[in-house]
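Okay, here's the structure, questions in a sec.
Every chain is named by a letter (A, B, C and D) in the order it is written, and numbering of its residues begins at 1.
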């Protein structure tokens, strides 16, 4: 759909755990064709330290109710203020932004890999992929048991695999330590979003396995729609804007040292 | 009492009319000896346009409950944010600041004149003056009937006289148009706080009547405790700081063209 | 309804609100958000003779009501511009202005000549104030002799409206403004960004790949406003003011201080529709103050 | 617990946190709020040879995370200072520094000589950067030859620690810093305020009685930090950094950029106890990063 800047109504703000909030938003215009991996850019009011908008992945879309959700992890004042937003308040949002993940084909087997709040774009991706007849596996990594959220929700769309850095839930270690990322599983595609070191590790594994792999980058952004040129990442074709030419990139196009 | 900077708990925030709020605050230290006319300086959080603290007169003191109140009129984002403060939240306040009105003597007859939110310091003044056996009259001016607040509360301490610019309540006109300010009343002192033009008009009348008159100024302040030298007013002895050498001045000391 | 039109040399602006170079892309990025033709004019992103990759990421740091950028004039060069961007921006009926950058006088001249051939480009803005490039850029804008020289040489090869964009990183901006005016500038625009820096205390490293970058946004408004006021008193050519403008009130302040038009930069990031709101706000202000035209506020600060 | 002490020439500071002149009165105004002796040093308000009334009200305008002031060095002159203020501030065990202002070289010299006689004044800060006075002030700080001359002459009559306070309103602050260092300055402090302006769009008048004033507060931090970094690389004498510091993190950023100590100005208005919090925060930072002393962060920015 066309890019918009509009006030969205908060339908729900649910605290999921100590630092994650699921905020459901309803626009007055009709949602259509939101690609998994696209994001929104939100104006945070009443925060003297938050000058620029804050970008968040579109977590899930409900076309029937005409709502979508974002998953917000509190890391600074901007996300803190957002976490306090209440039902019926409005948020000034620019959306939808960026390019989503490339669509898998019917019959393919894909692995969605989310680390920390990088799980955010994966719900919409899991839902859409299952809808078109793709076999979806979801690998979620977190620091500790209490950091794992939305596991049940993900399991509607495919088998969920878990890791924790401290071994309190699932496999002890990083996502790349999980057996699901080993050669025997033969996925057609990896889709990954999470902290940079994790995405690098996943990309390295993908290269080794010769599996197609897309990653969603979270570069710092000033505008979010391609005019400031602040959010660039190096690609084979020179600097590209993460906000408009990403945030999703095929790892083969990136100049990562892996 | 000694100047403090501390977090005060909001005991109550009562909306009095469309733009006036009465906020009751409780410090953890003991309140003593707050002079009528002294003020507090409040840090406004979550307002990107409110960089400096905002000064407010101490409206009333309840030594028994160890609380005091301020009267806030919303005029910009700082006062707007303050008006939204809720019970049990805290405010970061520097207080008590400035010098109060000079104390009338027992048996004297005084007129307290408040225009708009300039009525704020007069409640504490009225209460304290009545306590020491002074005959208190209170003259309140406002734009219109709906702008008059706290009339009943004031009437506990003396006779209340009202004016409105539009004639909807009390005498039609400015405070100086009220008969109570005519020569026949023979007040010992006028104490006045309000918009500049009003204070000038009152001062002029006081000079004509040869009545002692003190006014409380509201110059823009950066610090509130005498270090920035931004809040000065011209006096017979040169520039003086309104925050530490005022806010209350005897009109004879000011270089007003009246 | 007040007449909002203003003139910058030969340019007729239907209103005094333009966009600042580097913050508005080529305009087309805003087509989804606003009617670009409703603006007084648009400044395209900084163009150079040759393709430039710009600086490494990170190029941005958020600061107190402002931001630092270190983009470093990333652009595909003038050939690409003429072939691919010019045909697109030619569709706009508003004034389309190219922001011209060089590392040498020769580059400025050659680039200007190329732009001069483009019928639909109404003016150029000579950027002698970019703080984010190693060669040229701000060096031209912080030295009177260099500012004079580049203006003089470019003037020789350009006969449409020549705007020179000044750097605020100088002791005396009015002096530079007078110098470029004397060499034939038809207008001066100011300010470009202030050279600033951000440090990450935890990593003990500069935030930007280039260490320093250019500060923009509301934080700089008081300094920009002072400079516009000083320059407007010093020169006769029209002044285009910018620096932290985010509301109609901000724009009006710059106009009162002497700006014939304003440019909106960083505010476009926060609100892609702000330019339209600012135009409306200026109109409302004029009507409320019973003023008949935008020119009734230009330089009308009362002392 | 880390060793917080730093040295500025002969001054031994128990920690790198001082207060900025004009924002801390004579210290005594803060006795109710903090233990002034816990600070590394205090800068008293700007003093002149003769009594000055300062500028007319309004002297202040609030801006985006900053403020403009146009106080204009209101003070009662050096006689009054020696008689009434010096006896009071002598009670402090911390370093007490006088901020010295003149409209002519002769005034600077005479004032310095008077201050030189005061045993408990550890150093002077030569203010060649006040933007709010008609004569002298910033003129000395924005011209290399004048900055050199005033430093040279004052140096001749002063043998304690001589700090020269630089103006940020210049094209090349490192050059001025080098010039005053060459003339014998024992340290440079920067930045003073940026010349700015505020306009009231409704009344169409300047907000300040003096039209322009000095900008301070968080808004200026990125520019001040850049200047401190440039100056620290250019001179060998210790650099005292300031401009928008409001937290320990801010202070640490300035120290990483090369400041041996910092001054806290406008933040004192918002939180009269901020200096003490900043000292604690620096201590915590050093401990958390397992650094033994404040000097382990001075100029330790990693490129």
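The rule we apply is simple: contacts are C-beta pairs under 8 Å (C-beta built on N, C-alpha and C of every residue); 3 or more make two chains touch, one makes a residue touch a chain.
Quick caveat: nothing in here was measured; it's all calculated off a predicted structure.
Student: Once the contact rule is applied, which chains count as partners of both chain B and chain D?
Tutor: none
Student: Trace the shortest chain of touching neighbours from chain A to chain D and give its length in steps.
Tutor: Counted as steps through touching chains, the separation is 2.
Student: Could you give the separation in Å between the centres of chain A and chain B, each centre being the mean of its C-alpha atoms?
Tutor: Their C-alpha centroids are separated by 55 Å.
Student: How many angstrom between the C-alpha centroids of chain C and chain A?
Tutor: Chain centroid spacing, chain A to chain C, equals 36 Å.
Student: Once you find the CA centre of chain B and the CA centre of chain C, what distance in Å lies between them?
Tutor: 48
Student: Give, as an integer number of Å, the spacing between the C-alpha centres of chain D and chain C.
Tutor: 34
Student: Show the residues in chain B shared as contacts by 2 or more other chains, in ascending order.
Tutor: Where chain B meets two or more other chains at a single residue, that happens at 48.
Student: So which stretches of chain C touch two or more other chains?
Tutor: In chain C, residues 61, 63-66, 217-218 touch at least two other chains, as defined above.
Student: Take each protein chain as a node, join two nodes whenever their chains touch, and name the resulting shape: line, ring, star, complete or other.
Tutor: Chain contacts: single closed ring, each chain with exactly two partners.
Student: When you check every pair of chains, which ones turn out to touch?
Tutor: Inter-chain contacts occur between A-B, A-C, B-D, C-D.
Student: Mind listing the chain C positions that touch chain D in their complex?
Tutor: Within the complex, chain C contacts chain D at residues 61, 63-66, 68, 142, 169-172, 194-199, 201, 203-206, 211-212, 215, 217-223, 225-226, 229, 244, 249, 252-253, 256-257, 285, 297, 300-303.
Student: Given the complex with chain B, which residues does chain A contribute to the contact?
Tutor: Contact set of chain A toward chain B: 46-48, 81.
Student: What does chain D use to touch chain B in their complex?
Tutor: Touching chain B from chain D are residues 22-25, 29-30, 32-33, 45, 53-54, 56-67, 69, 71, 74, 217-218, 266, 268-273.
Student: Which of the residues in chain B end up touching chain D in this complex?
Tutor: It comes out as residues 2-5, 43, 48-53, 92, 94, 219-234, 238-239.
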